[in-house]
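Paired with subunit B in one complex and with subunit C in the other, subunit A is shared by the two complexes that follow.
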Partner chain A sequence: MGVSNYSKGQVELNETLLVLFFIVVIIIIGVVFYFKVFQEKVKEKGEELSEQEASVLLASITSMGEISCSNEDCVDTSKLVPFGNLARNKIDYYKGLLGNKKITIYDIYPSAREGLCDNRAYNSIEYPENCNHWVIYENNAYPGRGEGLKISTPISLYYPENNEYKIGRLEIEFYG
Partner chain B sequence: MIKGKRGVSDAVFKWFFGVVAGGLILIFFTRFAYQHISLSEKINIRETIENLDDQLEGFSISESSSKIIPFNKELELKFVCESYGGGDYLKKTTRIIFAPRNLNGDSLSAWTERWKFPFNVVNFYYLGNRNARFLLIYDDRYGNFVRNKLEFPSIFNLQKIHFRDFDINKVRLESSSLDQINLVFFRPVDNPDAVKKAMKMNVNVVEVDADTNKVKINGEESFYLSNEMLEGAIIGAENYKCLLNKALERLSLVSEVYMQKASLLRLKTHEAECEGLYTGIALNLQGLKRSRDKQELIELKDNLEEQNRMLDRNGCIELF
Partner chain C sequence: MDNGQAEVVGLMVIVIILIVIGVIYLRFASIKEISSYPELRTNIEVNNLLRALVKLKIENMTMSDALYDCYRDTGCDYLRNNIEDVLESVLKLDEDYRFTLLADDVEVIGFGNCNKGLLGSFPFVKHEVYLETRLTLCRKQL
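For the complex of A and B:
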């Protein structure tokens, strides 16, 4: 009874509109899916570039005038406390250079006592045996995200106070 | 008759509907494709710039090194003092990159040198390509200095000629297909504007007085502190003044580290002589940190070198 109320033309028009509607829905789903995949790929690329940047920095940071030895390929430990202070005071400048990272240098061998090397530790008579690591730079723009990815490399540490070299580790934690 | 007419209008409507709907879908996809191409290009440029930045960072390990950095396509790169990039992407940088303001091509000639004043301060980067030419014009007085003291890698389009061999018309003809030329005169130029006019292309006129460490870039006076800086004025003439300030800012920061190092070493020493030397050296470092005067900076550098030698002679720990 109800069917007879619609003419053949109306039914055909409804069919066409329905087909068109489904085509549009499929296109929208396709575009949304495509953009999601594309966005994911861009994000992945961004992460890959950040990792690459951190790896390059790992190799190059030891040649920065602020921490490097004058004539050798090593890190001058007597510059680490001064540089840590400077990087904190001039965070805007060093943020542009080092980015969103935490940079720590560890004294590995011969091992020293566990502890942070700061002004107080340096001025102690026990130095360099009273501490084993320096946090030379820290800038975390996303503190809520937790720990970042860490990469590290062995380095040579020079202690000018007693003209000694030790084996160290440079660690970069990057926060993305 | 009426039935026939209804059939015709039905078919026409279907065709009309199909064409409009199809057209809209086609427009949508065409727009989508164009937007995607433009977005992909933006992403590609960003990726290229980030890769270039990493290559420059890796480059800084070396005291002096040069290489050609190829790109996978023609790029228009822009270099301003605080940033560089391509398209509408400019990456902020603290690096000191001496380069022409615009570099177009499918590769870059890159060179780095460490700036010491008197200690390691920072690596300078010099960028160019075949489309940017640098011509060093010297007279008898500075011939030796230009030929022997200023050494550029062969990957740069740079030549050195005596002033007597300089023919502006010949240079113009040789350089007509290039994007830019920097004419660097190691002698005074009477009328730099006339030289610029005669060249009829993008040209920078740099005048160097190697006796007083002064440079005049397109008539604007500035100075340099070392050959590495002079090389920067030659390659990156347009941005030189700003890059000089950037280099001095970094010098100030590194001086601060050495100042604190001197204070720490002073506390560690038991020798009165060493203590005095560290105090003196810290004073000069304070000056180096603050000064923007060429003569004062050069004198402070010389003093620091001497004081560092004195530390060594007196059995104290050297500062640098």
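For the complex of A and C:
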């Protein structure tokens, strides 16, 4: 059957269907595009809120009773290993308080020997010269995503063993 | 051109116009607001660093004693050398600084190349003298 055999009504119906098809395709493209943009905005907002939360934590964590000095604005290093153990044992409580982050404290000036200050290093006779960083809290709900964003600030570290103050760096790595 | 063809062409024109408007809207909508958090963090960083610096003890002498000695005119070399050493270790490679010590609002000593940037201060009283340390941080000019 040739094209010339179509009646005028059939041609108009075909045109209407074509127009309808285009409109539906445009609507689908529009909806997909809108949701993509919306999704991106939500992700950006989420990252911004995480950054905001981490910044607030950066300013306030040194005043947490669990790690702060008794009467001064500094971090008592003798409390860091016990706090790390406590945070691991009561992870549900600290997860609610500190969220999806890794918190590390580095001793940077005058520098000590490279190494993690864990129970073994802390109980060694060489302490505090045998290690230079403490991982006091770690909770990564998305281990597959790789490294998170890091923010840090210098802090004052107090060593009650020899009544000395050193300069440290508090680093917060937050996972999306 | 019959009626049907004209309608299709018209529709295409409308679609193109809508797409152009959409792209222009997205271009303006996607301009990000400048976040103030990096500045806020640098401010926290400067204040914390000054606080830590004043408490620091090097070779059995605290920096607060060294600052007081500098104010009393018994020599600022020890203070200057140690502060330069500390700041070079603590600050990032692309950061520049200016450190100033004031006593009763009068400058006692100041060093460093950064004159305009984020300023933090840490005041304290030593032997009844009001001392204030100030630190300005900025990006290094290459």
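Quick notes on this one:
To be clear about the criterion, the second predicted complex is superposed on the first by the 174 of 176 C-alpha atoms of A that agree within 3 Å, B and C clash if a C-alpha of one lies under 4 Å from a C-alpha of the other, contacts with A are read in each partner's own complex, and residues count from 1 in each chain.
Here is the rule we go by: contacts are C-beta pairs under 8 Å (C-beta built on N, C-alpha and C of every residue); 3 or more make two chains touch, one makes a residue touch a chain.
Small disclaimer: the values here were computed from a predicted structure and weren't measured.
Of the two partner chains, neither subunit B nor subunit C is touched by A:Ile91.
Touch criterion met: A:Tyr109 reaches subunit C, while subunit B stays clear of it. When both complexes are overlaid on chain A, the residue A:Gly9 reaches subunit B alone and has no touch with subunit C.
Look at A:Ala59: by the touch rule set out above, it reaches both subunit B and subunit C.
In the superposition on chain A, A:Leu49 makes contact with subunit B only, not with subunit C.
Within the superposed three-chain model, A:Leu20 lies in touch with subunit B and out of touch with subunit C [touch as defined at top]. Taken together, the two complexes place residues 12, 52, 59 of subunit A in contact with subunit B and also with subunit C. Residues 6, 10, 14, 17, 21, 25, 28, 32, 43, 47, 50-51, 53-54, 57-58, 60-61, 92-94, 119-123, 249-250, 253-254, 256-261, 264-265, 267-268, 317-318, 320 of subunit B touch subunit A in their complex.
Interface residues of subunit A, counted against subunit C in their complex, comprise 11-12, 15, 18-19, 22, 26, 33, 37, 44, 48, 51-52, 55, 58-59, 62, 72-74, 108-111, 151-158, 164-169. Taken together, the subunit A residues at the contact with subunit B in this complex read 9, 12, 16, 20, 23, 27, 31, 42, 45, 49, 52-53, 56-57, 59-60, 63, 65-68, 70, 76, 78-79, 81-83, 85-86, 90, 93, 96-97, 122-123, 160-161, 163. On subunit C, the positions that touch subunit A within their shared complex are 4, 7-8, 11, 15, 18, 22, 26, 29, 32, 35, 37, 40-41, 44-45, 48-49, 51-53, 55-58, 62, 86, 89-90.
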